[in-house]
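Order of writing sets the chain letters: A, B and C. Residues in each chain are counted from 1.
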Amino acid sequence: MMARRVGRMSPFNITALALGMAFLYLPIVILVIYSFNASRLVTVWGGWSLRWYHEFLNDRAMLDAAWMSLRVAAVSATIATLLGTLAAVGLVRGERFRGRTLFSGMLYAPLVMPEVISGLSLLLLFVALNAERGFWTVTIAHTTLTMCFVTVVVQSRLASLDRSLEEAAMDLGCDPVQAFVRVTLPLILPAIAAGWMLAFTLSLDDVVIASFTTGPGSATLPIRIYSEVRLGVKPEINAICTMVIALIAVLIVIASLASKLSGARGESAAPL
Amino acid sequence: MSTRRIFARPARYAAIAPYLWMVLFFLVPFGFVLKISLSQTAIAQPPYVPVFDFSEGWSAINAAFAQLSFDNFRLLASDSLYISSYLRSVVVAVTSTLILLLIGYPIAYGMARLPQRWQPIAMMLVIVPFWTSFLIRIYAWINILQHDGLLNKILLTLHLVSSPVVWLSTDTAMYLGIVYSYLPFMILPLYATLSKMDPSLLEAASDLGSSPRQAFWLVTFPLSLPGVGAGALLCFIPIIGEFVIPDLLAGSGSMMIGQTLWLEFFTNKDWPVAAAAAVALLVLLVPPLLLYDRLQRGTLEGGR
Amino acid sequence: MSGQSPEVDTAKINTAVAQATPTAPADDTPLLRVEGVSKKFGDFRAVDRLSLDIKAGEFFALLGPSGCGKTTLLRMLAGFETPDEGRILLGGRDIAPVLPHERPVNMMFQNYALFPHLSVRDNIAFGLKRAGMARAAIDTRVGEMVALVKLDGLEKRRPDQLSGGQKQRVALARSLARRPKVLLLDEPLAALDKKLRESTQLELMELQRRLGMTFIVVTHDQEEAMTMANRIGVMDAGRLEQVASPRDLYEAPASRWVAQFVGDVNLFDGEVSSREHHQLTIATRDGGAIMVAEPHDPVGETVVSVAIRPEKVKLLRRGPELDAGNAQAINQLEGVVTDVSYLGGSTVYKVKLDSGAVVRSSIANTARLDIDTLSAGQRVIAWFAPDDCVVLER
């Protein structure tokens, strides 16, 4: 009898994979195709058209929301990357310090905390501080959530970094801070970039926390999309969603190119 | 002293800024939730009676403690609306997790058996939807599931149904949305354990007389249990507190706890009850979180 | 930055090299002195009250099994660990409190620790830039180093585009570039394959002689230590068991442990029964009475072991071969050959003595055709000269 090759893919494996991938991607592909539909009826194909993109570009309120979202995402992702990287350095290289358990607990909790709770608690804080709700409150809320993701991404890269590289830098005349800046930082840069990307997309995606923490007149794009969707399907939303997907796709391509470039240095940075 | 310690001091200074940030924007707000969950509802702006007023010093705080009210929690425990929404959250989370496991396992297994050079690509393909907006992905399903949507059109064309089926605002749509959104969370930990498995284990099993099916159930599956646990909890925990998916896809008949909280807060303006609901939701999350933590530790130590 | 002006730094490094040349050992004060140094990790004593002197220009090897504390000692010299007690003096100055980046000592790491984001050139120039050297001087020095380790043409490559041997050279050039007073090498050849390891050993020796620098190498490979070093310190359980030249280490081991760790050895446990005419007679359980030459340092104890290296054990066939020269019949042990291992340059025979003990004998294969070999099952007499035995206290 011939020995059965154990490592081979069975038809079952292939079917599962193909169906799984189709399930993950088909809805998005359909959405993108329909965004170019000329017909007002979402499901009737009326030929290719950029009509809904024009409509979006003339929709003042939507554009404002989109601009608000982009600003919030960029600012909060940048602050979150800075704070998250510092937190990762503290956790990985700081060894033990007073309150370390509390610190790591606070950084992990938001990862699993329901968004309704995060949003509610931050709103209660802003109300108690009598802060005017709008751009900055949403930005702070998003920074708080996304810096935890940045911390996790940077932390895992930092922890896997060979410590003898830092020792070699010190041996060759760097003090600890120089060793970090000249050796460690360039090596964890791909992870930091991936962290920023993750923070940016998470911020761009959030409805719940933004709904709690924003004020009147400063809705983010997801909040507007959300309220439109509750009222029913509108072709314009297809166009907006397609543009968001395109933006994220561009970011992913940039990120993977960047990680390929730094991959030439023997590093890899898979997003997340 | 060693190099680790030489690095430790500047690294600790690095932690100061994020530490303060998290205390101010995570810990303190959380204190507010606790505090407001213990205060009385009032028709005012903000709509609650403050429990503490720090400006009045210790005596006021002591007096305030005497005033602490557990009324909101009593309400949660007695009102069938809350009890049923907690129960629904748990039922939905358990059901979705089981479906996710049934769908995710074969996919992860298929990925792990791909030729080596295809595996990173397959992993990218699973991760990418996670990067695209979650709201957009739910919206994509609304497109497909609506009354005159693609799904009904296909079913009608194939004469599988005679009139359009109502998909939206049903539990089916909600489960579909949840499974769709959380599938990457299930696949990735499963794939991580399955791909690390030594293929020679299966060869050994077949050498010792197991059929491929027996080898799977006697070797592969038991060894993948840590991944199953991690994936299940990674899905179960956030699904419990889910708001957007049931709100957009499920009917308005029964609500999950996240929806109830939202309703109390935005519609009924009852902040203290909403805060109490949040505290109760967190309590519900503690056991699975502890379990997840233990599982992770176990895996770390086992891998050493 | 260390606070000193860069010119002074470089000058100091250069003088250090001048001082370090072996042709001019100014006096007997050691370049490096380790005094009663201990290091504990939790309850584990990695280094236990260890003292050691190393002279300028020496090629010193720290040899020991893994976990013996040799790497910890090296890391204390580099400044990555601080001793719990004791002092480390470099040129008379206590460097225990000096941080690694301020020490005139450089280290070559076991895994090389090449910076993956920097080219070969920038890796080598890394330490020079930190010392504040002028750009032109850096270029000159890097050029010298590249030529020294024969890496010409690879300056622009990144570490992951290099072979194992090339990485090893970059690591060496990088640690030599600052011209340290002492170069520390942590298992420098462990990652190379056997052939490359042997040629690199010779190159390292040549380099060390040319630069006149003090090298301290940590290794678990005794052949490597014996080939390269002038002096070897054998470590076990955080202590130095013996510090000696390779020859003394092999021919005059200081303890049973060293005798067994370095090379192969036959050991007979026994008691001193008589001493006369500079000869000791030792009554052993397995080998009967063994006569040995009285060592220079008189044996204090009476309970001792006799160590004899396998190549010093000769085998004779029973019978007419026992001629007049062996008439005295001392140190002759009868037995049966049980095992013959042909190793190319030599053959190792295992002889089971009548007492039950096993003696190994290694005999050089000096002729290509040898019809007179012994085979398993033959009765033989194993014998050895009293001068070839070493008496060790137990």
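Simple rule for what comes next: a contact is a pair of C-beta atoms (placed from the backbone, for glycine too) under 8 Å apart; a residue touches a chain by one contact, two chains touch by 3 or more.
Keep in mind it's a predicted model, so treat the numbers as computed, not measured.
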{"item": "Identifier of the chain whose CA centre is least distant from the whole-structure CA centre", "value": "A"}
{"item": "Chain located farthest away, centre of chain B as origin (C-alpha)", "value": "C"}
{"item": "Length of the line joining the C-alpha centres of chain A and chain C, rounded to whole Å", "value": "55"}
{"item": "Separation of mean Cα positions, chain C and chain B [Å, integer]", "value": "59"}
{"item": "Rounded Å distance between chain A and chain B, as computed from the means of their C-alpha atoms", "value": "17"}
{"item": "Residues of chain A engaged with two or more neighbouring chains", "value": "167, 170, 179"}
{"item": "Junction residues of chain C, two or more chains touched", "value": "80, 99-100"}
{"item": "Per-residue multi-chain contacts in chain B, two or more chains", "value": "3, 6"}
{"item": "In the complex with chain A, residue positions of chain B that touch it", "value": "3-12, 14-19, 21-23, 25-30, 32-33, 36, 46, 103, 106-107, 109-111, 113-114, 120, 122-144, 146, 148-150, 153, 180, 183-184, 187, 199, 202-203, 206, 212, 215, 237-238, 240-244, 247-248, 258, 261-262, 265-266, 271, 274-275, 278, 281-282, 285, 289"}
{"item": "Chain C - residues contacting chain A, complex", "value": "1-2, 78-80, 99-101, 105-107, 109-111, 113-117, 126-127, 130-131, 158-160, 174-175, 178"}
{"item": "Chain A residues touching chain B - in the complex, by the definition given at the top", "value": "3-4, 6-10, 12-14, 16-17, 20-21, 23-25, 27-28, 30-31, 34, 41-43, 83-84, 86-87, 89-95, 97, 99, 103, 106-107, 109-110, 112-117, 120-122, 124-125, 127-128, 140-141, 143-144, 147, 151, 163, 166-167, 170, 176-177, 179-180, 197-198, 201, 204-205, 207-208, 211-212, 222, 225-226, 229-230, 232-233, 237-238, 241, 244-245, 248-249, 252, 256, 270-272"}
{"item": "Footprint of chain C on chain A - complex, ascending", "value": "162, 164-165, 167-175, 178-179, 182-183, 186-187, 262, 264-267"}
{"item": "Residue numbers on chain B that touch chain C, as the complex places them", "value": "1-3, 6"}
